[in-house]
Amino acid sequence: MISLESMRTVMTKMISEFEELDHIVGQFLVGNLSKGANASGSPYFNVELRDASGSISAKKWDIRPNDENIFTIGNVVLIEGEVIKYKDSLQMKITSAEPVPLEELDVAKFIKAPPIPKEELIKRFNAHVESIKNEDCRKILDYLIKRLSPRLFDYPAAVSVHHEYGSGLLMHTVSMADHAVYFANYYKDIDLDILLTGVLLHDMGKCIEFEGPVVYKYSLEGKLLGHITIMTSEIRRAAEGLKITSEVPILLEHMVLAHHGYQEFGSPVLPQTKEALLLSLIDNLDSKIVIASKALEGVNPGEFSQKIFPLDNRMLYKPKE
Amino acid sequence: MISLESMRTVMTKMISEFEELDHIVGQFLVGNLSKGANASGSPYFNVELRDASGSISAKKWDIRPNDENIFTIGNVVLIEGEVIKYKDSLQMKITSAEPVPLEELDVAKFIKAPPIPKEELIKRFNAHVESIKNEDCRKILDYLIKRLSPRLFDYPAAVSVHHEYGSGLLMHTVSMADHAVYFANYYKDIDLDILLTGVLLHDMGKCIEFEGPVVYKYSLEGKLLGHITIMTSEIRRAAEGLKITSEVPILLEHMVLAHHGYQEFGSPVLPQTKEALLLSLIDNLDSKIVIASKALEGVNPGEFSQKIFPLDNRMLYKPKE
Amino acid sequence: MISLESMRTVMTKMISEFEELDHIVGQFLVGNLSKGANASGSPYFNVELRDASGSISAKKWDIRPNDENIFTIGNVVLIEGEVIKYKDSLQMKITSAEPVPLEELDVAKFIKAPPIPKEELIKRFNAHVESIKNEDCRKILDYLIKRLSPRLFDYPAAVSVHHEYGSGLLMHTVSMADHAVYFANYYKDIDLDILLTGVLLHDMGKCIEFEGPVVYKYSLEGKLLGHITIMTSEIRRAAEGLKITSEVPILLEHMVLAHHGYQEFGSPVLPQTKEALLLSLIDNLDSKIVIASKALEGVNPGEFSQKIFPLDNRMLYKPKE
Amino acid sequence: MISLESMRTVMTKMISEFEELDHIVGQFLVGNLSKGANASGSPYFNVELRDASGSISAKKWDIRPNDENIFTIGNVVLIEGEVIKYKDSLQMKITSAEPVPLEELDVAKFIKAPPIPKEELIKRFNAHVESIKNEDCRKILDYLIKRLSPRLFDYPAAVSVHHEYGSGLLMHTVSMADHAVYFANYYKDIDLDILLTGVLLHDMGKCIEFEGPVVYKYSLEGKLLGHITIMTSEIRRAAEGLKITSEVPILLEHMVLAHHGYQEFGSPVLPQTKEALLLSLIDNLDSKIVIASKALEGVNPGEFSQKIFPLDNRMLYKPKE
Amino acid sequence: MISLESMRTVMTKMISEFEELDHIVGQFLVGNLSKGANASGSPYFNVELRDASGSISAKKWDIRPNDENIFTIGNVVLIEGEVIKYKDSLQMKITSAEPVPLEELDVAKFIKAPPIPKEELIKRFNAHVESIKNEDCRKILDYLIKRLSPRLFDYPAAVSVHHEYGSGLLMHTVSMADHAVYFANYYKDIDLDILLTGVLLHDMGKCIEFEGPVVYKYSLEGKLLGHITIMTSEIRRAAEGLKITSEVPILLEHMVLAHHGYQEFGSPVLPQTKEALLLSLIDNLDSKIVIASKALEGVNPGEFSQKIFPLDNRMLYKPKE
Amino acid sequence: MISLESMRTVMTKMISEFEELDHIVGQFLVGNLSKGANASGSPYFNVELRDASGSISAKKWDIRPNDENIFTIGNVVLIEGEVIKYKDSLQMKITSAEPVPLEELDVAKFIKAPPIPKEELIKRFNAHVESIKNEDCRKILDYLIKRLSPRLFDYPAAVSVHHEYGSGLLMHTVSMADHAVYFANYYKDIDLDILLTGVLLHDMGKCIEFEGPVVYKYSLEGKLLGHITIMTSEIRRAAEGLKITSEVPILLEHMVLAHHGYQEFGSPVLPQTKEALLLSLIDNLDSKIVIASKALEGVNPGEFSQKIFPLDNRMLYKPKE
């Protein structure tokens, strides 16, 4: 048990603000865990603790019976400890740890804010929705937004706490919608209502594919079906429930189904309408540019990034200024 | 117009029974069409006529204004003509031709009977359905069988009039169900109810993927979505309508989604349960053996078949007896 | 020889304006050629004649000794003939034909005008050039534009008279430059000067890769080196001649070298800067959308296009209105 | 030397029966080995000891000059030691170790029994052999069974002590033979004698491809030729020796050669007879189902297995009950 | 029947020597065949006739009952006819044709001579054999040369009458043996005896893979097993018959088995000895250079060859002189 | 600081000559580095030290503030230490270390001598140059040799200190030139001047692709452009500067561009002249044989090498003697 007394004198800083000799109490995510043995053979834990501001290496030297359960990767733990310096880096010496019940979880502490405030993104998302005049598109869209809110506005764009911020799904969707408007204006013969509805729906299946309040993991449906199939089914079901008889639901299902562009990337059919083709190209473009930008954050001019897994493991060069 | 008088004296044989000098009137399918010009430059049609018994080469020498519409590949045409011999083969000289309205179409004349009578297949299909004890499986299955009957019992297994017989889908499904029972008895730890339901459902989406009374073609949904996605969506919708909350619908959707085994064959996810894996293996086995058997029909012992497209274009050898 | 007399009474229409019984004299491109033999065994030519407005099937019944040389695919021929109707289509009966010397070639008759007038495109191209402030970029760009004008403004985007219009290269380059400006404004940390210079240069090597006044063919350099390598070398040479010592030429060479995105598409290196990555994505997007638009021209709503070779042979669907 | 005295008081349990404080003497297989250094810099061995019942982590703290040779991965070692508890797991502290001469090796201790007793499997194997009426098949089969017994009945199905049991090759062969009988009855026009002979022979080359009494390794022939080529050659040689002039040996060689189905899986030719095709499909089916069953052993309902290498690294889900 | 009288006055020239108005009688190979119908609807044959000197287009206007059997592709036919000129090319008008019994076949007329006389090649082949000192190599080699002579010295290098000459297999083998000697002298640590024996044996299986006196076709063994597997088996059988117990036969079998270099080219194992690696590299080099030389025969300087199928369909450029 | 006194008594041996208890001072390359912590938690370095004669494991127990910078992989460090024995191996205990300024670097100590002396290789290289009679070839070659000397004669063949010796690029080039002469003599119709010039130029771009006096690394140009593109550009530039107007520069550029043979190996075009094809085949052959020879160095007869990465990770077998 963490004593009430100690709670009064300790600090509750974010990891990025830690300084040597700080006495800290707070909720932290177990990002990584390995076990070691000290010179006398007693076991200890090397733990990576994380919050939205960063991560720190920590040691739990004295292992208690329940610690194995508490220190599970992905768990949030209430930790008390001291910040020390080791080999020029800060490290935390954990003095006590206890589980955090779901209802006491301080979710906001673990989710990085998106580059644009969530409220602003929601406003832009809604403006795109409002711009759609095709009635069948609007009915399906309104129904599914209602069904999948508020997850739709909170979820990250991918399953990974690393580099990912909250509302990443929303951010990606709004960017793609902006690009859709740009290209529909630029090229002739694009049906913007269909394209925009497809864009707004295309990744919504991730609200069912992922689960978890802090560390997102694939749900069973996510693993066995995938967000593409889940969302395609949802549109079909919505259209039948809304008694829509036009071609619109098939076009929307097709856009969602084909948006990864190729079978080897998880789309069982290739894009076969101009709108589906454009959607998959915009998705590819926005995803890759965002990945590249993240990978180049913090890289010095004149140097290369780390290997970037989703970009075929290539390294990117940041030119000299 | 074909005169009533001539109708009285002509024959209505199947193509395989034609003899030289027969005078024929009957419905025939336009299997292929090319245009030629005779020595004086006048155009004529080379037509391949088909019924379930075979095909014959025919000529329409005198082209009338509407003939271009009547002789469309895939159309069924009411034809009057004479059987002649040309270079040792029978050929038909078409004297008149007129379109057949859909309601007068003699479908039975164009569909080869399956090797096992349709009624017998339906009986075996139903026996498999009856054997399933899992209530969620039965509810979904009963609902979807009702929804997709009677197409389910009539459709061929693939879009092609060549080599395909009616009820081919049913024949393939019943064979796979028999194999499912065999393997579930052989190996331990197979959930036969789940496997069998998956088998009975797995190709039902073809009832929506294909369309047409005689020559089956891909429907718009078939092209833009494919039978795998269509059926996965149908199960999801059925399960929600039937208020099923167990894991069963996800397992069934997964089996249908994964049954082609690999992404490059159209399944966006790989089989991830033992039942899904076994289903895809049985499907692969039955399909390939049936294709091989068809390809070897009529090949002489000691000779090779034609190249078989769905078997990587290989030729199969029929051993000497 | 085509008699002067006949010249006075004949018409010089574009193919799309031909009507039955027209008597035509004019330059036409031999798009395709096959040989036949008439009933008496005498040879004749089936010729496809083309101009920028379309194509027509033609017959040359009476073959003269030199006709084999005159009717070579890709040649422009001065033809006199009559327009007749055959099987509901117009056809031309060629009465005489003679070669067209290069200096009398009416190039404008064979090159479709781009959707936007060439002068307008040049103006927009130049405006993009003017917007670049980086001096090294400007020096290299100015040098190479001068070196490759005016081909740069006239060439089609690809080697094919079919569907291709004049200034296609310019049209594609200006569209990509517009997109570059849009995306550089949208995303942070893009060096627009570098990106824009790369876009303006990326396909200029086609001015050396292709050759020919009407029907563009690959030059020897085009076949043995390809436009990507040609242009990369040109930038290197320019930079050395201009005594530029900054990193800029390497970044530009890299963008050109990597713009096909993958080795199997002809880029020996993958894009390794954000600007190179974005350039390859914009190129891919613009190319595919333009191909899709062309393929859907003339397709009826509710129907599919022909198979589109550069889009993996898929057919595109034009939705109902 | 392990003292005789200590031998009297110690136990010779299987690893799965070990309890804390047991004093053990017995033969164990060195499954894995790594070297460490204690706090004072002295080296020690971390050893994984195995028998057919399982494995245990062990330490050899005091390294003797010959220990490096004795503790070689794959060796069987006579070990004396004590079972202690460390971090909630049992561990063995090795007090002495000496090599086991080949002739004293207690093979039975290291080979897991197959799910069906070996004698029963041999009986079923022989029944399949007896069922074959084709004389050429029988002659070749009898000759090769005699040549490769008794390895044929003892060998595992794959080179790996992990998860593999003795007679695995026999078990797999008998299962496939059972399936061959089932399918030959189900489909028409299968030559069961040819198919069954192919099945019984198809993997016999593994008796030459692998070697070793406990831990099977690839022999030189196994590495340079592979079991498919080895067995194909053996059939050819047998047929020549037995003066068989029918087509039968070629059909059998072909079935063995083609049984992996594709070139990338090691078959230089594709199956080109119906029997060869069916054999490869049955082999694929039985192998994958057995692998899946092993991977799901011990997985809790509602959870996923580890990644399964021979199933494309996928994880399998065990449904809730 | 061809009249004796006409035989006296006709010529028996090779095709390359034909002149207009020649009256020819002689054996010719039917290289290609298509059927046409003349203006009055009567059928006729377009035949390509070949001998070792070239090919000529021919017509058989008047079809007799047995002509269909006589004019089979690959047959050699005794033909009488007249050489006429049609569209600037020579053509033969066939007046009579009859089958040639196997024993009267003038094989030498259809097989192009190799660039180096066969006797010279045999001498060089034997010199390479004589140079081998390793006794096991010599025993196996002598045995197999005896078994496969004289086919070994007559066969072409590939199944195709086009571009292929007699003794092509021998020519390719001798070239590779020369290269083997060169490289074994150049690099250290090559076992020339092993390498040379492997080279001399590597393609001998083609003597069993192909069959036919003039037009070589794949035999049943060729199709179901392939020359690589056939020869590997032959070495194994030879070694056992010769009671060789050294490693030599395994090394030789391995070299033959691996000589196509990769699984997708038909070698089930990769080269795993230096000699096997070098053999596969020499084979690849000699094959490609010979194919390139043939493809460039007759191409004018400054022009490209036809597409070359075995070189990935590329065209080769012949530089200007 | 290393004391002058200690310098007097210590030895400056190469690593392969180290003996127990030697006291060493000398320059060593940091080949590898990992950090550990001793029993009391203090950090230490595990360093792999290398020179041209071999490598040794070393410990730096007492870490000074600047040691992290000094012990960077790829750095050459002036080290003082003692050779001790640990677990039967020699190990160095580092007592002091300091950086080596570039101008004091003893390059010769780190570069293995090539198997043939550099002077001898240069002589043979020059003889090949002298043999070329084509003036355009000579002009380009002379210009580029001058431009890239002396790196051309010093550089290794690949970026890796492991197994690589100095002048490796030269050694590989001379071997290929020898092979070029051999094959041009053997086959007809090879233009030896063109082939030889291509061989001598083909890898010269590595002089710009790599950089560094001891450990070669990819330069920025190496990474963004690659040696193939760099050299192709250099030839183009040279030809323009030398005012060469023949086809020769295009043929040379093509040979360099195509020498990796396939797009997936970095050549954007396939070899399209016989000389380019032969060059790529010789390059492939020499590279693979040299890699195989290195991999088999030190392997005992009857055993396999390690996995060889550039040979598809296969292991090679060294036959028994």
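Remarks
As written, the chain order gives the labels A, B, C, D, E and F, with residue 1 at the start of each chain.
Definition applied: a contact is a pair of C-beta atoms (placed from the backbone, for glycine too) under 8 Å apart; a residue touches a chain by one contact, two chains touch by 3 or more.
For clarity, every value in this text was computed on a predicted model and none was experimentally measured.
Both chain B and chain C are touched by A, E.
Listed by label, the chains that touch chain A and also chain F are C, D. Counting the residue numbers that touch the partner chain, chain D and chain E have more than half of them in common. In this assembly, the C-alpha centroid of chain E lies 44 Å from the C-alpha centroid of chain F. Between the Cα centres of chain B and chain F there is a gap of 63 Å. Touching two or more other chains at once are residues 39, 220, 223-224, 247, 251, 272-273, 304, 317 of chain A.
Here the chains touching each other pair up as A-B, A-C, A-D, A-F, B-C, B-D, B-E, C-E, C-F, D-E, D-F, E-F.
Interface residues of chain D, counted against chain A in their complex, comprise 39, 86-87, 304, 317. Against chain B, the residues of chain A that register as touching in their complex are 220-221, 223-226, 228-229, 232-234, 236-237, 240, 247, 250-251, 253-254, 257, 263-264, 266-269, 272-273. Only residues 175, 178-179, 182-183, 186-189, 191, 194, 247, 251, 270-274, 277-278, 281-282, 284-285, 288-289, 292-293, 296, 304, 311-312, 314-320 of chain E touch chain F when the two sit together in their complex.
Per the touch definition, chain B reaches chain C in the complex via residues 35, 39-40, 43, 68, 220, 223-224.
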